[in-house]
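Both complexes below contain chain A, partnered by chain B and then by chain C.
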Partner chain A sequence: MRDRLIFTAQLLFTLLVAAFLVVPAILSITAGITVNYFQGIRSGVTLQWVFQVWELYAGTILLSFVIAFATLVVTLLAGVPAAYALHVRGGRLSRIVEEVITLPLAIPGLAIALALLLTYQGFSDFRRSWLFILTGHVIFTMPFMVRSVMAVFATVDIKTLDEGAASLGAAPWRRFLDVIVPNAVPGILAGSLMVVTLSLGEFNLTWMLHTPLTKTLPIGLADAYASMRLEVASAYTLIFFVMIIPLLVAMQLFADKEQAR
Partner chain B sequence: MSHRTFVWLCLLPLAVVTTAFFLLPMARLVVTGAEGPQGLAGYLAILTEPRYRATLINTVLLASATTVVTLVVATVAGMFLQRHRFPGRAVLIAMLTFPLAFPGVVVGFLIILLAGRQGLIGDLTSRAFGEKLVFAYSIYGLFLGYLYFSIPRVILTIMAAVQKLDVGLEEAARSLGASPWAVQRDVVLPALGPAFVASGAIAFATAMGAFGTAFTLATNIDVLPMLIYTEFTLAANFATSAALSVGLGIIAWAILALARSFSGGTVAAAG
Partner chain C sequence: MNVAVGHGAAVRVESCGKTFADGTRALEPATLDIARGETLVLLGPSGCGKTTMLRIIAGLELPDRGGKVLFDGNDMTSVPIEQRNVGMVFQSYALFPNMSVADNIGYGLKIRGMPSGERTARVAELVALTNISGLENRRIDQLSGGQRQRVALARAVAIRPGILLLDEPLTALDAALRDRLRGELNRLLRALGITTIYVTHDQSEAMELGDRIVVMQKGSIAQIGTPREIYFKPRNRFVAEFIGAANIIESPIENGHLVLPGGRQPIGGDVSMASAVAMIRPETIEVVAAAAAPLSGTIDSVSFIGDRQRMVVSGASSKLLTVDAPNTVKAEAGERIGLLIAPDAVRLLPPED
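Right, the complex of A and B next:
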């Protein structure tokens, strides 16, 4: 009887917390497809706000995808070889490097963005292009790629595989492409999902680094929240949810699969 | 090409990117912080200038309150979800973790929908009591927003820690006659200590540096990131904003480093 009571109380509490997280998201989704949010859903269901967002902000959505993809390419090209090098080298220097690249997780994005602005504001072409936002996203997401790949190397005996291939006469870069990378695939995939998800939603850095011509989706969202009617802001948020939730689900499935192993 | 050279080459792209776009800019930030009219003393302004100090205290209090409440909520819910199996459990876990990747701006907007002028809470209270309760733009709204993005992060860590608990210890305590509360107090909670420290530090550091939520709620409450932003963009006060961001960065980093050495030490001691 007593256990039953405790169970029910805990369940109710957990449901309440879940409601706190889910109800606002549902409100936002319904507001995005309601004709008039003030009158409620009775006023009818429409996609007009979604179309209006598309007309106004399609550019921001496109740019977000471009930046997320470019961030992924850079973190793959720089992060995967680095994870390999840090793993095989080991020792103090590797730990220091790992420590340094993880710092952007601790330092608020605002501080990093300010540092980039103060350093590169003189280079006006670079400052004005989306590449400037890219640098911020790369610095912010790099630790996720490197750590995720290194976590795989810690479970696979990469050194023995590497030495085996070397004893057969394979050149270092051949071994890297044919032996190391295929073994790192789970880490690369997990890292990639993380990098793309974070880049698509990044606001703190991007708000400081953007220009009127280089607006990403979260910047457009902030813009819509400040100046558009509630239905338009909600429809825009709905588009963001549609983009980000499949990535989150994929990440969750991936984590479950790894845990089941 | 020798293996050694190849390993160095592998590190090169990362080294170039990190140096050019992180280390050099951070060095620049630290130098700029000392270039104001007060020189190096500009770094002390965060403590000596009354307005900055009040903002710092505000931010620390808000971040502390967020951390404590998040830990309590996440522990109750996380322990429950990890210890019981029931239909709908997976859906409930998904609901509790999906806001993980929401940017601060979106969280701010969701708080407006919940507690803003056209919000759900205002609607319900005006129907029930005839008075509209609107608090999204106050410190309570900000606090609610910080809770919103902290709970999913912390709950995952707590659930993982609960899963690793040795159930045998609890059974032993119970067989020795400990009451359920005593088991929780003396066995379960101490064993979760390292997880509390680690996830609490992450929640605290995130709350200290959170900018998007405060930005969307456009509150007149000063939190440190908003102060840095207004000093930089509106007042064009580069030196002050740089000094304040270095201060904020050091606080966030120190909390995380401290927590890591603490929880790492405990884990080693237990092993």
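Right, the complex of A and C next:
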């Protein structure tokens, strides 16, 4: 009897917490598809706000994905070899470099953005292009790529595999492509999903770095809430949800699969 | 580098020491010559520097300044491992999990640009040689420990290396399998006739496989010699005790005899010293009637092992003596016996520091 009571209480509490998190999301989504939010769902259901958002912000959404995938490409090209080098070399210098790469996690995005602005204010073409935001996103997401690849390296004893390939005559770049990358795939995938998701959702840095012509999804969202009807902004949230949820689910599935191994 | 099969390269390690970045001295400067086709075993407890020595020869570690590694007289010190044409078997095997067994064995050949037809034939040859037929398309994680060991060996040998380097290749296996594979490995190494350097901490492995054994202790070479030399003529107490069982006796000497509580034991060799540390192997002691030997003692315990019986004898020397007697000898605890030891079975060791 007492156990049942405790169980019920715990269940209720869990449901309450879940509701606390889920209800606002549902409200926001329904707001995006009602004709008039202040009259509620009675006023009817419509996709007009969604279309309106798409018309206004298609460019922003597209740019967001361009930046996210460009960030992914850069973090892959620089992060995976960096993780390999850091892992195989070891020693104090590698540790220091690793710490430096990880530092942006601890520094507020605002501070990083200010540093970038101060450093590159003279290069106005660069400052105005989306590449400037890309730079910020790469700095912010790099530790996630390097760390998840290094975590895999630590579990598969990549150093010995590397030495094994070397003993068979393979030059460093050959070992990297034939042995290191194929055995780091789980880490590379996990890192990639994280980088893309973080880049799509990044607000802090991007808010400071963007120009009216270089906006990303979250900036557009803030913009929509600040300057448009609530329904439009909510429709924007809906679009954001639709785009980012599949990525999050993929990440979760992936993590589960890794755990099962 | 063109090396004929079945011979390999001669190796010279010249005053190679190794100090790691944190200041630990893993290896005192050591010089070592390994003849073409020879199997040399580096033997010692963990942390004695044997693996560091192997890694220096492989090209995975650089020796400290002044050290040199020569293959057939060519200075290889700064040549990276991938250009040394060595075959290496790692303790953890380092097989590539992303490739099949056949692809693992053929990887070195692929790197060398061997056409795929020829490669397939060579891989088949090695699969047969190492007894792993039928496993060619398996993934590495589908293999047992023994099978992995064979694949690692096949892969290392496939490239026809000048030198074969093995780093504790049997340590990861269970005891029964280890014994069986040791025999197989021995036959294979003899058949290949390639210069081989083998690292182990297991003295019976070293005895069976090595043409010569290098016993290492705390980063330096304690003794180099054939298995017989190492066993019968250990140069110091460490070697004597590390290889096989040994009775170590400290005793004064009087005109060619050890003066012991249980009698006077004649010794051979240099007898001018006033006292000595002597080593006597348990199986060199013959059990006879108490009156029939200059040395006698009382049996403390007898344990029957099967092929022999091990007796612990007190009263003969200042410490308990271990005696390995044939399993036919009839003796019981408490009995007084004579211990007959040939003078040249007593090995005098240098005094302790």
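Note that in this section the second predicted complex is superposed on the first by the 261 of 261 C-alpha atoms of A that agree within 3 Å, B and C clash if a C-alpha of one lies under 4 Å from a C-alpha of the other, contacts with A are read in each partner's own complex, and residues count from 1 in each chain.
Here, contacts are C-beta pairs under 8 Å (C-beta built on N, C-alpha and C of every residue); 3 or more make two chains touch, one makes a residue touch a chain.
Keep in mind that this is a model prediction, so the values were computed, not measured.
Novice: Chain A residues in contact: does chain B have more, or chain C?
Specialist: Comparing touch counts on chain A for chain B and chain C gives B.
Novice: Regarding the shared-chain residue A:A70, is it in contact with chain B (first), chain C (second), both, or neither?
Specialist: A:A70 contacts neither chain B nor chain C.
Novice: A:L56 contacts which: chain B (first), chain C (second), both, neither?
Specialist: neither
Novice: Touch check for A:A151: first (chain B), second (chain C), both, or neither?
Specialist: Touch partners of A:A151: none, neither chain B nor chain C.
Novice: May I ask you to decide whether A:A166 touches chain B, chain C, both, or neither, giving the answer as first, second, both or neither?
Specialist: Touch status of A:A166: both partners.
Novice: Scan A:I29 for contacts with chain B and chain C and give back first, second, both or neither.
Specialist: neither
Novice: Chain A residues touched by both chain B and chain C?
Specialist: 166, 171
Novice: Spell out the part of chain B that touches chain A in their complex, as residue ranges.
Specialist: 1-3, 6-11, 13-18, 21-26, 28-29, 32, 73, 76-77, 79-81, 84, 86, 92, 94-106, 108-114, 118, 120, 147-148, 151-152, 180, 205, 208-212, 215-216, 218, 225, 228-229, 232, 238, 241-242, 245-246, 248-249, 252-253, 256-257
Novice: Could you list, by residue number, the parts of chain A that touch chain B in their complex?
Specialist: 6-7, 10-11, 13-15, 17-18, 20-25, 27-28, 31, 37-38, 74, 77-79, 81-82, 84-86, 88-89, 97, 100-101, 103-104, 106-112, 114-116, 118-120, 135-136, 138-139, 142, 146, 166, 171-173, 176, 197-198, 201-204, 207-208, 218, 221-222, 225-226, 230, 233-234, 237, 240, 244-245, 247-248, 252
Novice: In the complex of these two chains, what residues of chain C are touching chain A?
Specialist: Per the stated touch rule, the residues are 21, 58, 60, 80-83, 85-88, 90, 92-98, 107-108, 111-112, 155-156, 159, 165.
Novice: Name, in rising order, each residue of chain A that touches chain C in their complex.
Specialist: Where chain A meets chain C, its residues are 91-92, 156-157, 160-161, 163-171, 174, 178-179, 182-183.
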